[in-house]
Each structure stands twice: as structure tokens, then as C-alpha cells.
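This structure is in C-alpha cells; I'll ask about it shortly.
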Amino acid sequence: MKEVTYIQAINDALHEEMERDPSVIILGEDVGIYGGVFKATYGLLEKFGEERVIDTPIAESMIIGVSVGAALSGLRPVAEIQFADFISPAFDQLVQQAAKLHWRNNGALNVPMTVRCPYGGGVGGGVYHSQSVEAWFQIPGLIVVSPSTPYDAKGLLKAAIRCEDPVLYFEHKKLYRSIKEEVPEEEYIVPIRKARIARKGKDVTLISFGLMLYRSLEAALKLAEEGIEAEVIDLRTLYPMDKETIFDSVGRTRRAVVIHEAPKMGGIGGEIAAMLAEELFWKLDAPVKRIAGLDTPFPFAPTMENYYLPSTEKIVQGVRETCEA
Amino acid sequence: MELTREDLERLYDLLLLTRTLDDRLRRLFRQGRFEGTYFSAIGQEATTVVPTYLLKKDDFIGPAHREIGAMITRGVPIREVVCQVYARKESPDGGKMHPCTFGHPRYHILVPATLMAMQIPVAVGVALGYRNHRRDNLAVTFFGEGATCKGDFHEALNFAGVHKLPVVFICQNNFYAESVPLRLQTAAEDISVRAVAYGFPGVSVDGNDVLKVYEACREAFQRARSGGGPTLIECTTYRWYGHSDIDLAPYRPQEEVEAWKKKDPIPRFKRYLFEEGILTEEKEAEIIRRIAAEIDEAIDYAENSPRPDPEDVLKDVYATAL
Amino acid sequence: MKEVTYIQAINDALHEEMERDPSVIILGEDVGIYGGVFKATYGLLEKFGEERVIDTPIAESMIIGVSVGAALSGLRPVAEIQFADFISPAFDQLVQQAAKLHWRNNGALNVPMTVRCPYGGGVGGGVYHSQSVEAWFQIPGLIVVSPSTPYDAKGLLKAAIRCEDPVLYFEHKKLYRSIKEEVPEEEYIVPIRKARIARKGKDVTLISFGLMLYRSLEAALKLAEEGIEAEVIDLRTLYPMDKETIFDSVGRTRRAVVIHEAPKMGGIGGEIAAMLAEELFWKLDAPVKRIAGLDTPFPFAPTMENYYLPSTEKIVQGVRETCEA
Amino acid sequence: MELTREDLERLYDLLLLTRTLDDRLRRLFRQGRFEGTYFSAIGQEATTVVPTYLLKKDDFIGPAHREIGAMITRGVPIREVVCQVYARKESPDGGKMHPCTFGHPRYHILVPATLMAMQIPVAVGVALGYRNHRRDNLAVTFFGEGATCKGDFHEALNFAGVHKLPVVFICQNNFYAESVPLRLQTAAEDISVRAVAYGFPGVSVDGNDVLKVYEACREAFQRARSGGGPTLIECTTYRWYGHSDIDLAPYRPQEEVEAWKKKDPIPRFKRYLFEEGILTEEKEAEIIRRIAAEIDEAIDYAENSPRPDPEDVLKDVYATAL
């Protein structure tokens, strides 16, 4: 075992996958010479050279379009979008091109590509360096994952790179250096579309991922003091979701609270709540609560940012209400 | 490659086949024989048939929406071309796509997304793969002048220039994007000049002159294959009919249409072939007969071939079993 | 009163607004010389000239970005995106630029612009000419409307043009010429964020818009024969939604079914169901059902398209299940 | 406009103010006096101060992320500039945005979205409004060479060219987009050549030479105001420090940095002013003193000014009461 940070786990996964498979390439802004603005691609250019580690111009739509083409000609591109916020110029290529290509070609062509996107708040980034944009990509043909731990960061990135479909990999900037854990030295994969029970509990299910997972776990600790035993699910795959794990847990606890950073309206919490309201309705003992970012753009000033993001306190309060209902 | 007499005859054959099939499909659409709409490329055949003919069979083609000629020249059976237009189960896209989404993965022609210019970065990415794998292939992508106004065109050509990738960009400038005339599309003096911004050559040729298109492509393909990087080739040409077959194209002066019909690439090439003694009246008659029979057979086949099953829509959303 | 089609109502609204206010301009592909591929902008170029009716190059991101700028310098642009599917290249300018500009400038600048988007299926358009993409625009700062009747088409378009915020106006292609009704000759406005009860009922609430509204109304007629009286809500504004009307209706009927064309996962039906599951939970007597497009790209062949879209029969069946639950 | 002696002195004053404030802000950031990050524009002052000085007060400016000089030159009180960097309630953006999102709506400078090139079509749209309203204004937008690789740049310039709009595009080519050197950004021979693709003039000037920037802008602004259409002005320049102040810029050779520091626009301009007898040691000393006092006061003001209220985030999402 080896203790690594979340960002180190990502960097390790990239090194290992590039060593294992010469068709894996990296492209994005500042990923080569600089090793990535967060150093996720550190050391790759030196080891694998300019043909496999490509510093691109500022052109996100091109980065994704070129990745699709590269995937068609036998490469396995791992594109980096410097901040998830900057994926919007590439929305078109992702949603109309990458997502639909396999289907459009009647299954005859695959698009094995990974798009790494540093996302999330709590880092003093302001509106264009903090957004959580996973809800934009609930698009058939795409897969969206987001790890919360170093173990998963490594295992899910490997799974994404080996996947035959386009995978968006959202990595939380605030977790990069704040979370450390031991991970096996030997090879492992974390399967796509499998959520994880991060904490066992019987009274209520908290469903979350990323930074909010940690706030949910903190909330669970506090709630335990009050006698509320919360189960906490770490989603890991955000689209298409692991309904089974969610339904199994909520089926037992009969209460659910979803927590995410993105604005509440139109967030993936809506999809989860809707699934529960549609398919698990008879097992619910309380309203499905959503604790989410505000329905505003993401603010910069710390006073506002703290107010914008779900706090542990807000989660505790929300879960309490759900359990009292 | 140098064109032999056989090549020239074959090219004529392919041009005629493209023209004849295109014309039949137009009529079939008007007769309500298939759904959707139909984009005729009549008048523009030289710009797709000639480049495709010069490619290797496994070179990548990224088409837009008027590349029936590329599909035919690449050797896709006419049956399958018609099945595509008819959206039958045996279509290369399984009937999932709109007619004129010409493409065929097994023939290395992408079934395109029909958003303009979207295939251009994909072709560049394919070329990147060729470079990395040291494959002696090139990627070619077709698009209209309208598509050159889009961001994807710019970003993709710029990147291809930086890495001198084996990709050739073929623009069919037919002077209109649907109804919008060139003067409202760009103030650039022509389309090929856009290449200046990317540090590689751009050339403009008469896209209705088979030999001119041939020469421009030969040079560009050679350069790309030998590591010399991309070229933007502008082929000026004209579509005889509306943007699609529900468009009567009232926005074009009749004299303009007539003048362009006089520049029809096929008779021009035919004159040359006759002058050179490559083609004779008998040979041509035989080609025409063969083409007609082949097309009849293909249409008959497609019309009687099954439609997709409703549940087919659910297939192939993902390559992975999730 | 004057009987008009849905498309005529749109064309009338544009003529009237351009006459009323010289700052209203039109821009988009084929909107001038051709009068729009659906003829929505027919006659405008002749009447208002090249400076106010602009045929643009194919460049949707530019169309939206230029509209934002034009709005800042005192114009009221009404942009046309030829098919809603082609809005994806402009996603960036809409979501990062237009949506956030007023907020970013601390309220000192407004962006009064309208984006008309012909959308929807049932027209044999295939994947790139049939999509319903309203769920992409659940973005704070944007307003999304979608009329279902000629009356609303006219009144909502006027409201959009006069609105000080960016409004996406989704018009259903299939309704253009298939729906006719009498509309007043005199000026009227249909307010934004007000849903409409299209049919009164007491047993269940169907929530829908666009083409699906008609299938829902048809279903309601069939259900009435079985003794189920369905209330049918025409949403009209899709974001932010008219919660009040929805809650009031479902509060009475205690059962809700949402119907839309977009894929179910990530669709706006999820947001509605989630709102109900969160805030109206105690008044629900049955699961909230969503009847929606399949979780696939939109197919071309009629056999598949019919299967993909919610049919009246499917709606009847779904409502029946909801009422029996 | 012709520059008078007063103009030249004033320009020097503004350049020095920009430089001095920028340098203070850099240091304050390193001292942890404000959150986020800081983008220094030291070395590039001439490319923002000079163009802005030549504009009318109500001409539109669409900045990117290094336009502190435009804000200062436009006359935004230094207090407000510092409040912006400090994200205080009195910032023009109410503290909503990241530092260096320089802008001020009341001064006709857009608070930009910080996605590269995104402001370019907006500036073009503003120019369209000027044209339609027959207003004698022009729109100017600033961006780095990196932004010229984006689709928005292409689409916007192409459209501006078609309509000959009163807009001027000012590219500060500092040879790097963060760490990415020009050779990996484009194979074009320079940035101004990109204008060829849009049918209007492009010029490259030494962006560290105040008078050269002045001449290029004067000509371009005049042309734009008199209906002659847009110009792309490339100002070659250099940022002395990292991309932001957490970047030590290890990707640039030290000799390169030193060579560029020798081309510092401010002493170059100062020499000229001394030679022409426009500036004297006393005058300069006085300017320096005044600037220092003004900046001290502004920082003091900002540091003691209130932070936004948490609930401010909820304000101004919509202009309309919904």
C-alpha cells in the first residue's frame, strides 16, 4: 500500500495507463511542458514525448473533436479541460458528436475517450472556475463519473481510459491535495456505474459525491450524536446512475436526501428524486430533500461562496427535517 | 498517382453513376418514395468523386451532406447507398439517420453528424492517429463554404497546421449556404485564402474541371503523405437544384443557374475523353446501360428491404454493456 | 378575431414587434432573403431592410454572442437558431455569457434578447433535426418558454421580446401548420412563468407542453370515457417554472404524470417530479410518472421514431396505472 | 486624434499608474491580502493604456483578463479598481467575480466572462448596435494571442468583416498562452495575418512602443469610425511574470525574460519624452509621488470597505421580477 493524495492518484493512473498501453495519449491546455495547471499530468511529457502528450491551443471544441477522431484511429485520448467550466465551448462536440457517434454508425465504430474535468467550488475560483456541470451531460451515449477518494480517483480513471465509450471524468479541485489515503500498489479498477456505500446507516440515505460527500459524512457523524444513523452513498457514476444501490439503500432507510454543489433546479438531484418518486414511491416515508447550490451563478467573494454551497450544518438540518417528517 | 487511361474512363463512369443515381433519388423523393428530405449534389460531382478516387481505400473520409459521390467512388454497393437514403435496416446506419447522411464505417467514411463543420476536427484527430501510428494514410474532409464560417473549421485547421498532420480539407464552394450568398458569409477574397491563417497552403481550383481538381488533390495528398502537412483546397462549383429538394432556390438568378449549368463538369470531362480517344460513343452507351441497370436493381432492392425494427433505436447507444 | 396557424402567429408577432419598436432586429441563418426555412420571418426583410433583418453565416456561437452585444447597445435582437439541435455550438455563449451577464455586472447591464428555436419530433427529421433540448437550459439567468397554441405563440413571443432577460423560445415544428385558432386582433401579451390549465379535471394532473400537450389532451379524452377526469397543464414556461399552478393542480388531484419528448433521464420531467416529491409529498397518492422520449438519440426511420416518442396510447396507459396505484 | 504634449505627459502618467498599481497588487496578493489569484499585466501596459486613451469615454471596451490599464485609463477611480481586486461590496461587480475580471459597466467596460475569446462576438454585437443607431462610437476588444485560436474569434471577426462594423480587435501577443508557446499555438506567420481570412486589414506592431501602438490605433479607429470597417491589431509584447501570480513561469528561458525587460515600454517612452522636453525629472517625481499617494489611499479604502453580504449572491440573477 502507498499513501497518495487524490491528485497523485490521478497522476499515477495516467502514468500507469500510458505505460501499459501505447495508444493512450494526453491532450489539453498546459498538460505538457507545464504538467497541467494542477499538475495532474506532471512528468508525462518527459516520459512519453511530444507525440503522446500534446499541449494544445485554447480551443476546447477542437480538443474534443480531435479526441473523437483520434479515438477512431486507434488512439485512446485522455483530454484535459483545464477547468470544467471551460467545457461549454466543447458541449457541441461532446453532445452531438461523441455521444451519438457509436449509435449513428450503427455500432460499427467506438469512441474510447476520456475527458478529465477539474470541477467544483470551495477553492475561491469564482463563477468561471468553480462550476459543477455534471447535469449538462445527462446525454445518452455519454458516461459521467466523479470520484471522491484517491482510491476511486485512480481506479475510475483507469476504468474510463479502458472504456469503449466517451467518459467524462469530473475530479474535484478541492479534494486534490486535501484528501489522502492508502491505495494498493497492484493494479485495480473501479467499475463504472457502481455506487459505493461510504457509511452504513439505517435511518436515512444521504446521496452525494465529491466535496459534498465529505460534508455529508461530517453531517452523518453529527447526526449520529443525535441518534440518527445516516447511510451515505458515494455515487461515483453520475450518468447513467447506479439505481440498484440507491434503491436498495433507500428501500431500507425509507428516507433520502440528495446533496450536490450545482444549482438545485436542473441538477442531478432532480433525476434521483424523480426516480425515487416514480419507482420507489411506496417505500418512502418522507419527502426527498435536495440540498444543493443556489439557483444563481457561482459567486467569488468568500462571504457569498460559503452561503452558496451546502454546508455541513445545512445538511444536518435538512436530514433532521427529513427524519422528523 | 498518375491517371492512366483506365483511371480516366473509370472516373467518367463514377461521375456518371453519381449524377444518375442522384437524379433518380431526387425524383424518388418527389414521388414520395422515401421520408425526410433529399440533398442533391448534382453539378458538384467532380469535387467528391475525383478526390475520393485518388485516396487509398482505407484513408479516412469525413463527409458533410453532399458526399454521395464519395460513397459511390469508395465502392459502397449502390444497394447500400439507396438503403441509406431509404432509411432501411440494411443501411450502414441502420436507418437511424436522415437520408443524405452519407457514410459507411466499414468503408472508412464516417456517418457524419449533420451540424456543419463538426466533422472537421474529427478528421484532424484521425490524422493525428495516423501520425502517431506511423500509418501511411491520410484523412480528407469535405464541407461547403458555409462551414468555413464556423469555429470548428478554424480551431481544427489551426491545430492541423501546428502539427503538420496528414489531412486535406476540401471545400466545395457553391456560393450559397442554403439561401445565404457568399457576400453575406464572408468578406474574404476567396475561401482558400483562409489557409494563410493556419500556416499551410490553400488553393482555389475550378471544381467543375475534373483535371484541375485532380491536380490540386494529387499535389495536396502527396504533400500530406510525405509529412508536408495539410492543404485547404477550395473547389468552386454550383448545385443545380435547391439546398434540399423542398427548396426551389428562388434566391438565385435564373441566369446564374444557367451559366453554371453550361460549366457542367461531366460534359466538359467527356469532351476531353473523346478528344483523347479514351471514350467512344459505344463505350459510353454501355456505361450508361450498366449504370441504369445497377440503379434499378438497387432501388428495387431497397424498396423491398425491411424497415428497422422499432426497438433498434435502443441498440448501440453504448459500446459497453453498462 | 383572426384565425391563424402557429407559425403565422409567430410571423405576426415579429411583424408587430418590429413595427412597434425600431430597436427590434432579427438575425440568423436564412432569415432574410429566404424568410426563414420555416417562413417564420417571411416578409420582414422587405419591410424592415437589411440592417434590421440579417442573414448570418453559419455560426451559432456568433449569432448568440453578437445578439448579447447588440442587446447591450440598445437593440432587441431576436435570433433564430434554424433548428434547436444547432443551438449546441452556442451553448457556451448562452450559458456562460448571456445567462450570467446581468449578474456579473451587478445588475447594471441588461440583456434583452430572444432566441427562437424550432424544436421537436414527429417531423421525420432524424437526430439533428428533432431534438427537444429545453433541459440543457435550466440555467440561472436564462428563461425558457415554449408555446403550444397560436394564441400563446404570439403572446409569449411578444413577452419574450419585451423581456429584459435572455429568453429561449422553443417553437414546435410539428405544430407550425397543424394547429390553427382564433387570436385577438388587438395587442396582447402572455406573461412569462405562468402555466395554463388546458383542461380541467379532478383525478390526475398531466403536465406537458408542445406536441405532447396534444397527445395528453387526446389521452384525457380517452380516459374520460373510462371515467378518469384528467387535468392537463400546459407549462408554457419551462424554466424557471410556474410551481404555483403545478402545485395547486396536483394538490387537488393528488396524482401527477409528466410528459415530454426529450429523453427521460435528465429531462425537465425530473425537475417537476423532484419538486413534487420534495414539496408536495404529503399530498401525493401515487408515484409521479414520467412518460418521455427514450434514453437514446432521436431516430429517423418512422418505425423507430414512433416507438421513441410518447404516444397517446402510452400516455393513456401511464395515467391509468397512476390512477390505479 | 493628434497627441498634444499634454496627451503625451498624461499617457506617461497613466502608464506609470498602471504599472505601479499592478505591482502593488501583485505584492498584496503574495501577502495574502486578497483571495483568488492575480494576473499581472506588467510589461504589457502600452497595449491597453494607449488604445483606451484614444477612445471616446462612451466607446465600448470588451476586455479579457489583463486589462487593468484599460480600466485605469478610462478613469475608473483607483478605489474601485482595488475594490474589484479585493472583491468588496463596492466593486463594480459587487464582489461576485474573481479578481482581474476588470470591467465597469458605467464606464462602458464590460465585466467579462473569463472564457477566452468569449467577449469578441459581444464587442461585434455592440458595434452592430452602433451602426444601426448611427452612433459615432466604436467597440474595441482586447485578447491574447491564445484567444485567437478559438472559434469565437473566427466567427466574430468573419461577421464583422461582412458588415464592416465599427470594431477594432486588439491582440496582445505575449507569445504564451499560460505555458504554451506560440509555436504550439499556431503555424501562422504572425497573428495579424489572420485578418486576411476576414477581408479587412491586420497589422502587427511593437506593442512595447507607445508611439507605434498609437499610430496603429489612430489609423484603425479612424477607419472604423468612418465606415471603413474593422482592423485586427497585433501588439507584440511580453508579460514579465507568471500567467497568474501563482505561476513561476519556469517554461520561459531566463534570457528571454531579460531581453524583453530591456524592451520595457515605459522607460522607452520616458526617454522619448525627455528628449522632446515634455517630461522633466521634477515632473516625473511629482507624478510618482501622486500615484503612490493615490494608490495607498485606494488600498486603504478597499481594505476597510465591507465585504459583500452573503445574500448578495441572490441579487441580479434576472433583471425582470419573475
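Note that the chains take the letters A, B, C and D in the order they are written out, and that residue 1 is the start of every chain.
Following the convention adopted for this analysis, a residue touches a chain if its C-beta (ideal position, glycine included) is under 8 Å from a C-beta of that chain, and two chains touch if they have at least 3 such contacts.
The structure presented is a predicted model; accordingly, all values stated were derived computationally and were not measured.
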Contact-richer chain pair (by C-beta pairs counted) among B-C and A-B: A-B
Distance between chain centroids, defined by C-alpha means - subunit B, subunit C (Å): 36
Centroid distance [mean C-alpha coordinates] between subunit D and subunit C, Å: 40
Rounded Å distance, subunit A centre to subunit C centre (Cα mean): 31
Per-residue overlap in subunit C, given as positions that touch at least 2 other chains: 56-57, 59, 61-62, 85, 88-89, 92, 96, 100, 103-104, 127-128, 140-141, 240, 295-297
Residues of subunit D touching at least two other chains: 96-97, 101, 113, 115, 149-152, 155, 158, 162, 184-186, 317
Chain contact topology (line, ring, star, complete or other): complete
Footprint of subunit A on subunit C - complex, ascending: 61, 85, 88-89, 91-92, 95-96, 99-100, 103-104, 127-128, 135-136, 138-141, 239-240, 263, 265-266, 268-279, 281-282, 284, 286-290, 295-297, 325
Residue ranges of subunit D in contact with subunit A within the complex: 35-36, 87-88, 95-98, 101, 113-117, 146-147, 149-152, 177-181, 184-186, 251, 307-314, 317
Residue ranges of subunit C in contact with subunit B within the complex: 29-30, 33-34, 37, 55-59, 61-62, 85-86, 88-89, 124-129, 294-297, 299-304, 306-308
Subunit A-touching residues of subunit B, taken from the complex the two chains share: 60, 62, 91-94, 96-97, 101, 103, 105-106, 110-111, 113, 115, 118, 120-133, 135, 139, 151-152, 155-156, 158-159, 162-163, 315-320, 322
Footprint of subunit D on subunit B - complex, ascending: 149-155, 158, 161-162, 164, 183-189, 193-194, 196-200, 229
